[in-house]
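Common to both upcoming complexes is chain A, partnered first by chain B, then by chain C.
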Partner chain A sequence: MTASTDAPRVADRMGPPAWGAATSEPVVRQRHTRERWVSVLFLAPSILFLLITSVYPLLYSLWLSFHSWNMMLPNSRPIWYGLDNYRNLWESEAFRNSIRVTLIFVVSAVTIEFVLGMGLALLATSRIRAIGLIRTVLLVPLMMAPVVAGVLWRTLFHSTYGVVNWLLDLVGIAPQPWLGSPSQALPAVITVEIWQNLPVVAFVLAAGIQSLPVDLYKAAAVDGASSWQVFRRITLPMLRPVIIVVLLLRIMDAFKVFDIVFTMTYGGPGQTTELLSMLIYKTGLRFFQIGQASAMSWVFLIVIFIISLFFIRKLQQNE
Partner chain B sequence: MSERAMSPAINYRLQRHLKTGLLYGITGLVLIIIAFPAYWLVTTSVKVGADQATYPPVIIPTRFTLESYEAVFQTAGVPRAFLNSTIIALATTALTTFFGSLAAYALAKTYLSFALRRAIMLWILITRIFPPITTAIPYYVLIKRLHLGDTYIAVILTYVAYGLPFVIWLMLGFFQDLPADIEKAAIVDGCSMWQRFRRVVLPLALPGLAVTAIFAFIYSWNELLYASMLTSFNAKTVPVVVAGFISDQYLRWGEMSALGTLMIIPVLIFSSLAQRYLVRGLTFGAVKG
Partner chain C sequence: MAGNIDLTRRSLLKLAGATAGLAAAGRAGLAPSRARAQDKPYAGVTLRGLTQGGIAYNAALHQFSAEFEEQTGAKIEWDEQPWEQLMPKIQGELAAGTPSYDFFCNDIEFQYTIFPYLQPINELIEARGYNMDGFFDPIYKYGEGVAGGQEGVRYGLPIQVGSSWVFYRKDLIDQFPTTWAEYEALLESLTTDGKYGLSFAGVPAQLPKLFLARYWSQGDPLLTPDWKPLINSEKGIKAAQMLYDHMKRFAPPGILGWDNPDASNAFLAGDAAVLEGWSAFILPDLDNPEKSQVVGNWAVGRYPENGSGNFVQHNMVIFNTSQNIEAAFDFIAYCTGLDNAKRLLLDYNVESPRRAVWTEPDVLEQRPYLESVAEAYNVAKPFAPGLPQWLEMFITLAEGLSAALSDQQEIPDMLNDVASKWEELIKQAPPSFEYKE
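Take a look at the complex of A and B:
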């Protein structure tokens, strides 16, 4: 890595050799056993917390996924169900639909966020002096609670009184039903997701661009390279690690989206915006099919892990 | 000669000006689009009833009122929700930053074996990956069984669990930024590890700590999924109220906007304080800031 020595040092703590703390070597070797115990004490509360609140629930949900349990029935208990929950998933139309919706959601949202975010990052780092303004404006969607964003955009997309339809009307397009329409609801939800998380991409990429060495750009200017050439041949390749990081983060988070769908469409109309998180929520916490929902959760987890691993690999190759 | 040589120069400058103008234009347009929804939220909250849900929409209101805010606070449960949210967010922030920075300090030093530290870091990363919904079901069952439903404790415990990995990761970065010499001096002076942490390292990492606390606060202030699952009345937080608002009273845009505005104000104030470290916070899990 010749680039970024200051700002985003990519994946310093991900790869095996890149363990960041290695630079701050052990200070003094005496009293080591004592320090070790104190270290354990320092770590203990957090470890305990994480064990109780993340490891235990995960294992419990794995156990539940092999059981059938309708919590709505009073005094019901989980009954051994083998792999049937998973088999049901395989055949479930709702689940397959949900996977499809989730993939469409994640892929299109992250792609558009990336393209627009790159544009914004380039604008912010270009010669116009508006970084402060851009940063302030971008902070707003980023910090708005997703639940507020959801209800807010719901008013913007309102079929009768919404601003979106009003704008369309100004350019002579008939009002659209948006959230009430099976074909437009998902794009509307994706729009909100993009609006809210575009700043993440823009901020991180801008930080990455700013950390690139200036010399290269000077050399390119001397050679008379066009802006496109500079972007294509210098910025893009040099930014590769940052780009992978941003994609990884965005993909992981796009899979988690819940609040926006919950407030905007609740998965509807029909099941056209039923993301996996929404489907699991409904199955588990509305219909109380605990076993079925747990099985879904595990399939979901595994899929995300595979995708994340792919990107983490890519990152490590880069280092 | 002069004329011939001048014109390309003028041409070039003109082009440059045009390009700059174009850049400004595009930037302005994009910023307006991004900022508009927030503008809409705030203006709707101070519009009079007749201007709220109308067609054509009132983009620039001329009549202002605080009625929506009054109405929101007279809605049953809303003041309580703000109180709940504040208590829960503050408690979460205090607990996560305290325990998290302790753990981060232990991980930043090399007293523990490399393999152990690496395993813990890896685990923290993994918790970053999994979607909250995947642990929601077992959590719900667990809390129900412990009869902790609709209590502060249930919500706070959940948020601390979700906040810890983030805090540990962020604080680790801040601790590693500190020069090692200061600690060496403290060791020479005979400070114990706790003393070094409490009197040397923590004060030095105070800006980092503040930033981390801000992020932790924002997270728990905004969280919806677990709040809606674990609370119903006593511990109901603002996001749950906001989510409920629209489905029950669809066209009460003014009140909804007032609530939303009130909800984002503390976050905006805090986050503008932490702006400098934003990228660090955003890239949690993948980048050392």
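Take a look at the complex of A and C:
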């Protein structure tokens, strides 16, 4: 029925034309071109939407990053500045500080989330009692908006009236300044980040563990392998793709944290909790130094992109 | 057929007559409405205003809007946004050339940036006979010529003023001190047995007002007339050191993480004998037995040696793109007029910008502390008046103070860094006018 020995196309699957003659190749090509244009027409609205809402703002911000523009000045306009916005970033103590604080925040939060999350995942996939209750309790932080979590923990960490200091007092530990201390404010913020996102890690890893083939575990049991050997030699290697995905997502999210810091410390005391996201917000939307803020945003984007690329390559290698 | 309307010529004539009669009655009915419209000069006009969400005077604005509509026919629509969103919102609309508001209500400092888009109102004030008497002195001194180079040009009418107050426990303090030395001795005597002498909001943005009170009490301005910073002088170091000492010796631990409500709660709970802070966060609760342990035991003092925090005023301004400038002016004049000044103060707990009403006998009878506050306001100063870069300068000072108070940086180094940053910011757009306080 087909006119050629090529892989059947839609036109061929429609059968021979009514007049009985076989379909010629130009006609087939014409139909294929028409189908392609129809596809383009259907995709066009989505692509247009994406261009307008994502691509254009991205390119505009790139253009702004090469200009100097302080919108707080009356009648101000963007002035060409070349690479000076980027050059000034490396000389800016505030920017270097925010990079340092952000890296500490991300590495600490994600590492602890991963270790604790793995433990919780193993627990959640075991047959202990009250596992249902544990799973339900783990859902509570997830249900809370980050702003609400920040306000809640700000109250809990209050140096005089907070519950945390009250609990410490019960065991004889003196009240701590927490959010008022440069050495404790960042750990406090990291704690809240872990509290809120640990369940995500736990649930994803638990789902991954449950999808692993049971045969290997049975074989290991027959061979008399210990729990640690099973975990190290079977669970961990088999879970590698899931681990890579979880770490990638958590790192990207941790870099973008803003609400918790905004509500708990606003970057203080001093600039001890000023993440890069806070600095960009402050520079762009409080001080209206648009060029500087755009340059910071692009540096931020490139850093996250490089990290993501690293993890995606790992994932591809694994496959 | 059954159910069909049988239209005869007679019934058609009746219908036509009835329709004509209704039309005539309608026109007659319109005539009284038209007469009513003349009493309501702005019937059909809708004014859109932008203001800060959650601020004390919003309830008053909504009530005044209803009254204004009743009197003039103009409908007022309000858009309330968090403070942080006000400037992005206005700037976004102005940059896009699509301003949708007729007027705006917030800090006068916004005018330093957006004055090219605002309507000067000097002529309207004169034409309408708006009463400009009885305001606090800073309203006259800092409310006109906001960009420095426009001497005497006024863009806004003030609806609220403010500066930080000093609340104290009158059951613990007989006579509030007038010198810093006496103040420190007092605070020391009250910091004992788990109680503290002093409470204040210690988050970065709330520290400058405390520093300014200690700095300005020494008499120097923040900058020279040609815009050179003076805060890193000996007086600046002394002021910052004083604040540091007061915090370390007399304030609860962890206070650098406290915001305004936290500081107020410490005073309300009876844990601190003196509170330096904004009145809006504590005044409504001071005599509420459900929230306060100090009912009837508080009073308001003045900073020693004529110190004061930065003076703030919220103005109502009109965009020059408004299609209803006269209606907008009449509305803001109504809200800020002398007639409503006492209502603002007594009914809505808004710090009215009219000093005249603060010291009226019936007002003082209800709120005796207002006389002391009025004296302080009359000599208060704003932060960097007229300078569009004011916010970045303010936050730079705020973060520097926070770093010094949390022992991350020595005070002289911090003040030098702040002064250096101020110079850099001023150089971005050197003002064409002299700095004066």
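Just so we're on the same page, the second predicted complex is superposed on the first by the 274 of 319 C-alpha atoms of A that agree within 3 Å, B and C clash if a C-alpha of one lies under 4 Å from a C-alpha of the other, contacts with A are read in each partner's own complex, and residues count from 1 in each chain.
Throughout what follows, a contact is a pair of C-beta atoms (placed from the backbone, for glycine too) under 8 Å apart; a residue touches a chain by one contact, two chains touch by 3 or more.
Quick caveat, the model's predicted, so the values are computed rather than measured.
Colleague: What is the contact status of A:303 with respect to chain B (first) and chain C (second): first, second, both, or neither?
Modeller: In the superposition, A:303 touches no partner, neither chain B nor chain C.
Colleague: Chain A residues in contact: does chain B have more, or chain C?
Modeller: B
Colleague: Check the residue A:234 against both partner chains and state whether it touches chain B (first), chain C (second), both, or neither.
Modeller: In the superposed model, A:234 contacts neither chain B nor chain C.
Colleague: In the overlaid three-chain picture, which partner chain does A:225 touch, first (chain B) or second (chain C), both, or neither?
Modeller: Neither partner.
Colleague: Just to be sure I read the superposition right, which of the two partners does A:74 touch: chain B = first, chain C = second, or both, or neither?
Modeller: A:74 contacts chain C only, not chain B.
Colleague: Quick check on the superposed pair: does A:216 touch chain B, chain C, both, or neither? Answer first, second, both or neither.
Modeller: After superposing on A, A:216 lies clear of both chain B and chain C.
Colleague: Check the residue A:131 against both partner chains and state whether it touches chain B (first), chain C (second), both, or neither.
Modeller: In the superposition, A:131 contacts neither chain B nor chain C.
Colleague: Check the residue A:161 against both partner chains and state whether it touches chain B (first), chain C (second), both, or neither.
Modeller: both
Colleague: I'd like to know which partner A:269 touches here: chain B for first, chain C for second, both or neither.
Modeller: In the superposed model, A:269 contacts chain C only, not chain B.
Colleague: Please work out whether A:182 is in contact with chain B alone, chain C alone, both, or neither, and reply first, second, both or neither.
Modeller: Touch status of A:182: second partner only.
Colleague: Quick check on the output: what are the common chain A residues between the chain B footprint and the chain C footprint?
Modeller: 71, 158, 160-161, 266, 285
Colleague: Chain C touches which residues of chain A in the complex?
Modeller: Residues of chain A touching chain C: 70-76, 157-161, 175-182, 185, 265-272, 282, 285-289.
Colleague: Please give the residue numbers of chain A that touch chain B in the complex, ascending.
Modeller: Where chain A meets chain B, its residues are 7-14, 16, 19-21, 23-28, 32, 34-36, 38-40, 42-43, 45-47, 49-50, 52-54, 56-58, 60-61, 64, 71, 120, 123, 126-128, 130, 133-156, 158, 160-163, 166, 169, 195, 198-200, 203-204, 207, 245-246, 248-249, 252, 255-256, 258-259, 262-263, 266, 276-277, 280-281, 284-285, 290, 293-294, 297-298, 300-301, 304-305, 308, 315.
Colleague: Write out the stretch or stretches of chain C touching chain A in their complex.
Modeller: 84, 87-88, 91, 95, 112-116, 147, 202-205, 252-258, 262, 265-266, 271, 388-389, 391-392, 395, 399, 402-403, 405-409, 428-429
Colleague: Give the list of chain B residues in touch with chain A in this complex.
Modeller: Those residues of chain B that touch chain A are 20, 23-24, 26-27, 30-31, 34-38, 40-41, 44, 53-57, 59, 99-100, 102-103, 105-112, 114, 117-118, 120-121, 123-125, 127-142, 157-158, 160-162, 164-165, 168, 172-173, 176, 180, 183-184, 187, 192-194, 197, 218, 221-222, 224-225, 228-229, 239, 242-243, 245-247, 253, 256-257, 260, 263-264, 267-268, 271-272, 275, 278-279, 282-283, 285-289.
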